[in-house]
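Two complexes follow with chain A in common, the first pairing it with chain B and the second with chain C.
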Partner chain A sequence: MLLEIKELSVEFQSIQGKLQALKNVSFSMDEGEIIGVVGESGSGKSVTALSILGLLEKNAKITQGSVFYKGKDVLRLGRKEQQQLRGKEIGMVFQEPMTALHPTMRIGDQLAGVIKRHRQVSSKEAAQLAIRSLAEVHIDHPELVAGKYPFELSGGMRQRVVIALAMSAPPTLLIADEPTTALDVTIQDEILKLMKELSVKRGTAIMFITHDLGVVARLCNRVIVMYAGEVMETGITSDVLHRPAHPYTRALIGALPDWADPNEPLSAIPGETPNLFNRPAGCVFADRCPQALPLCREDRPALEAYQDNQEHRVACWVR
Partner chain B sequence: MQPLIELKSVSKTYGSGKKRFQAVTDINLTIQKGESFGLIGESGSGKSTLAKMLIGLEPPSSGTIELAGKPLWEGDKFKPQRPGEMQIVFQDPQSSLDPRMTVKEIILEPLYALSAGERKQKGSMERLQQLITRVGLKTDQLSRYPHEFSGGQRQRIAIARALITEPKFVILDEPTSALDVSVQANVLNLLKELKHEHQLTYLFISHNMSVIRYMCDQTAVMYKGEIVETGPIEDIFQHPRQAYTKTLLSSLHPLQAAGVNQAENHSNELSP
Partner chain C sequence: MSVQTELLPAKRTVNPLWYKFRKNPLTLVGLVVLLFIILLAIFVPLISPYEPTKIHVVERFSPPSAKHLFGTDEVGRDIFTRILYGARLSLGMGVAVVLSAGVIGTAIGAVSGYFGGRIDQIIMRLMDIVLAFPSLVLAMAVAATLGPNLFNALLAIAIIKVPVYVRLARAETLALRERLYVKAAYTFGIKPWRIITRHIIPNAVTPVIIQVTLDIGDAILMVATLGFLGLGAQPPTPEWGAMISVGWKYLLDYWWYPTFPGLALFLASCGFNLIGDGIRDILDPKANR
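And now, the complex of A and B:
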């Protein structure tokens, strides 16, 4: 097992009080595996990633749980050890490629800098490796692009550069937070193909954080469905998408216009996400759930096997 | 039948000399009254430039744009027959609502383009209350400010603002692409209902093919400033002729390719 998150809970301190952003989040990843963490805004998918990386803001506090990476609890590591983990062991790609790149530094120099940090090479070798890493993310004329600044590149090209940066160590785990959301659909397609290819070629595990079930279907072996800071359902992607066990997963799939009959209204999810300052005692989805029982509002369901399938787990009383 | 909107060889060029950039090239387009016309394209394809020329924000460099047979532009001057006849809902409700105005002020603002008589009639408290309830907000929220609302609610405010002048034609420029899937479903349902209730004609701009398929009757595909394909929605989706349309469609169906469909998901159980 490469990564194991156990009962992770995170709180944010704000003027309005304590906001519980994550509650008892547990899941694991194997080496080389591509998993999708899917959810809407406020579901806690990005907070999960930032917790693993030790990049939470100062007002955030991990109140409970542990994150084991290769058997070591990364939450108990010192600042220096965490820094070594980031970049070298765990790479990151975020949504907006422009903010991830240094605006006044040439692409080649940025890459060479990262390569020198992680490997024992001379500046000259690093520059050559930088060009090679650009070629690996399928950038045409890598020597030329190495001499350019980020603003001279298109959004898709920039995201390729960011992926090249993240992969340069190369890491064992890549955490990608909505890396294709800001890109056009056809470019998105190319980036997804590239990430899959790199994962297969180098055995890099990818945690793909997204709001897009289509992306999950295309890329991920397994999926974690999150809602309001909790895991609602996990399983092999095709199991979860074909036989969604949680009413929230079903509602999310049903709300997509992809298959809807244009003459019928879309099945929207009524109500709003719960107040995370004051979490309900029972299931977080109960207030919006069409199948909720009285029990659902009293007791929080645990994540348990669905129809005896140990891989497919769901946190729901109405199974 | 006379089309509601007609574009005849419309082009738009920005800059001159070396920096000359042709954003839109020779567009011919007709939108019939009561239609939902979809405009699909990626960033930089010219779809927003087209919307700007329709709504009066940018004059076309050449060609004519007509609304109900009357030209909208006289040279560089925007001369609509009746102000408020056309409205627009923008993509990002975060930036399209003035943070210092109350919801009431925001919704009533378009009426300043109208005559005093019309303003009084359309801006009555009763009508305002009716409209705000219709888009799914409460009347006591009229005195609040945009930051007090969620993204979906803000887009509802923007929709109410677009409808206050009783327009015939509404441009929806990526109205749901900043919203979560479940919120998007609510807003799309609302837009469909309003279209029916007010006999509106929509120009629906989006890069999301499944939203276009769900919302529109007719569609045009834009690529690099040109319309590469146009026709009824089913034709474009079932029998795309252009390579570019096919590429767009192939990026659309990952869930279908994975064999997921709604029937399997027992979506009926979800209906209240």
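And now, the complex of A and C:
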């Protein structure tokens, strides 16, 4: 097992009080696996990723749980060891490629800087490796692009550069936080193909954070559905998407627009996400759930196997 | 699969910086005045037959004439020559003081802002202490404590200028630290030292540069002030403040003696301020005039 998150809870301290952003989040990843973390805004997808990398803001506090990476608890590592982990073991790709690059440094220099940080090479070798890593993310004329500044590149090319940067160590785990959201559909497609290719070629595991179920269906072996900072359902992608067990997953799938029928109105999940300052006692989705029972409002369901399938787990009383 | 590389063609147009500079007449005036002073200061040995410290008592208190453009002082030294040698000193020191304060202050501010926490608190409180004193009084106190000479005057002015740069660089660093590319560098495992020197400081220097150009005029005035009070350059060094300090006693009888060094001081600090204003308008178009 590469990564194992156990009972992770994160709180944000704000003027209005304590906001519980994550509650008892547990899941694991194997080496080389591509896992999708889906959920709407505020469901805790990004917070999960950021806590793995120790990137949480100062007002955030991990109140409970642990994150094991290759058997080591990364939340309890020393500063030096954490620094070793970042970039070399775990890489990160951000949502906006427009702002994730240093605006006044040449692409090649940025890449060479990261390469020199993680490998014992001379500046000259690093520059050559930088050009090769640009070629690996399918950028034409890499030696030309290496001499450019970020503002001279298009969004898709910038995201390729960001991926090249994140992969330059190369890491064993890549966390991608909505890497294609800011890109248009054709570029999105190319970036997804590229990430899958790199994952297969190098054996890199990818944690793909997204709100796009279509992306999950194409890319991911397994999927984790999050809602209001809790894991609702996990399983093999095809199981979860074809036989969704949780009413929230069903609602998400139902909310996908049907391209074949342009006259059909867009369906949305009624209601609002619960108040995270004051979590409900029962299931967090109960207020919006069409099948909610009285029990759902009183007691929180645990994540349990669905129809005796140990891989497919769901946190719901209505099974 | 391959991607079309869309590269922007290289453009060669009129340098927009120079265009803006030219559009601002006052800045141009400042630039011309300063260039004039600087050129005179550089070529003064060729222009003037006199030496700045050679005493020639016979010609004491000669009024301005073709022979002595700005007249002579109480021991017959040519005031024009002394002013130009003084320009070397004043301009050089003004620039040196502000540049060193700028470099040191930026480094401290970037470190303070990037790491935050206790280091930040300690550094900023120290800076607050320095800022709490009226700058001139503190400079005088430091210069007087260290002993009245030119180098100590420079040190004193640099010390009182540093906090301004620390604050500027720190504020800029706090904003930059939240930028995605700085966070990205962090997730790539780049070391803090490299993030500060390569990611933060190059992108935080704009306000520092503006402040440097605005501060040089002020620093020149301060050097002269300390000289005037006897805490800076010591006679017979041809320093403007020191010259005025001796000369003002003779203002009523020999008006040229304190007037011309004062005028030079006015022109130089004014020139730097005008250029500073111009550079601020160019680098920071959003700032209100």
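Keep in mind that, in the parts below, the second predicted complex is superposed on the first by the 310 of 319 C-alpha atoms of A that agree within 3 Å, B and C clash if a C-alpha of one lies under 4 Å from a C-alpha of the other, contacts with A are read in each partner's own complex, and residues count from 1 in each chain.
Criterion: a residue touches a chain if its C-beta (ideal position, glycine included) is under 8 Å from a C-beta of that chain, and two chains touch if they have at least 3 such contacts.
Keep in mind that this is a model prediction, so the values were computed, not measured.
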item	value
Clash-or-fit label for the pair chain B, chain C on chain A	fit
Touching partner for A:Gly214 - first (chain B), second (chain C), both, neither	first
Contacts of A:Pro265 with chain B and chain C, given as first, second, both or neither	first
Touching partner for A:Gly87 - first (chain B), second (chain C), both, neither	second
Partner chain in contact with A:Glu143 - chain B first, chain C second, else both or neither	neither
Chain B versus chain C as contact partner of A:Ala100, first or second or both or neither	second
Partner chain in contact with A:Leu55 - chain B first, chain C second, else both or neither	second
Contacts of A:Glu31 with chain B and chain C, given as first, second, both or neither	neither
Computed vertex angle (chain A) for partners chain B and chain C, CA, steps of 10°	80
Shortest span in Å between Cα atoms of chain B and of chain C, once chain A is used as the common reference	9
Complex interface listing, chain A residues touching chain C	53, 55, 83-88, 90-92, 94, 96, 99-105, 113-114, 117-118, 138-141, 144-145, 148, 152-154, 156-157, 160, 162, 165-166, 168-169, 190, 193-194
Sites on chain B touched by chain A in the complex	42-43, 150-151, 180-186, 188-189, 192, 207, 209-211, 213-215, 247-248, 250-262, 264-267, 269-272
Chain A residues touching chain B - in the complex, by the definition given at the top	40-41, 155, 184-189, 211, 213-215, 217-218, 237-238, 241-244, 247, 250-260, 262, 265-270, 272, 290-291
Residues of chain C touching chain A in the complex	1-8, 179-181, 183-191, 194, 198-199, 202-203
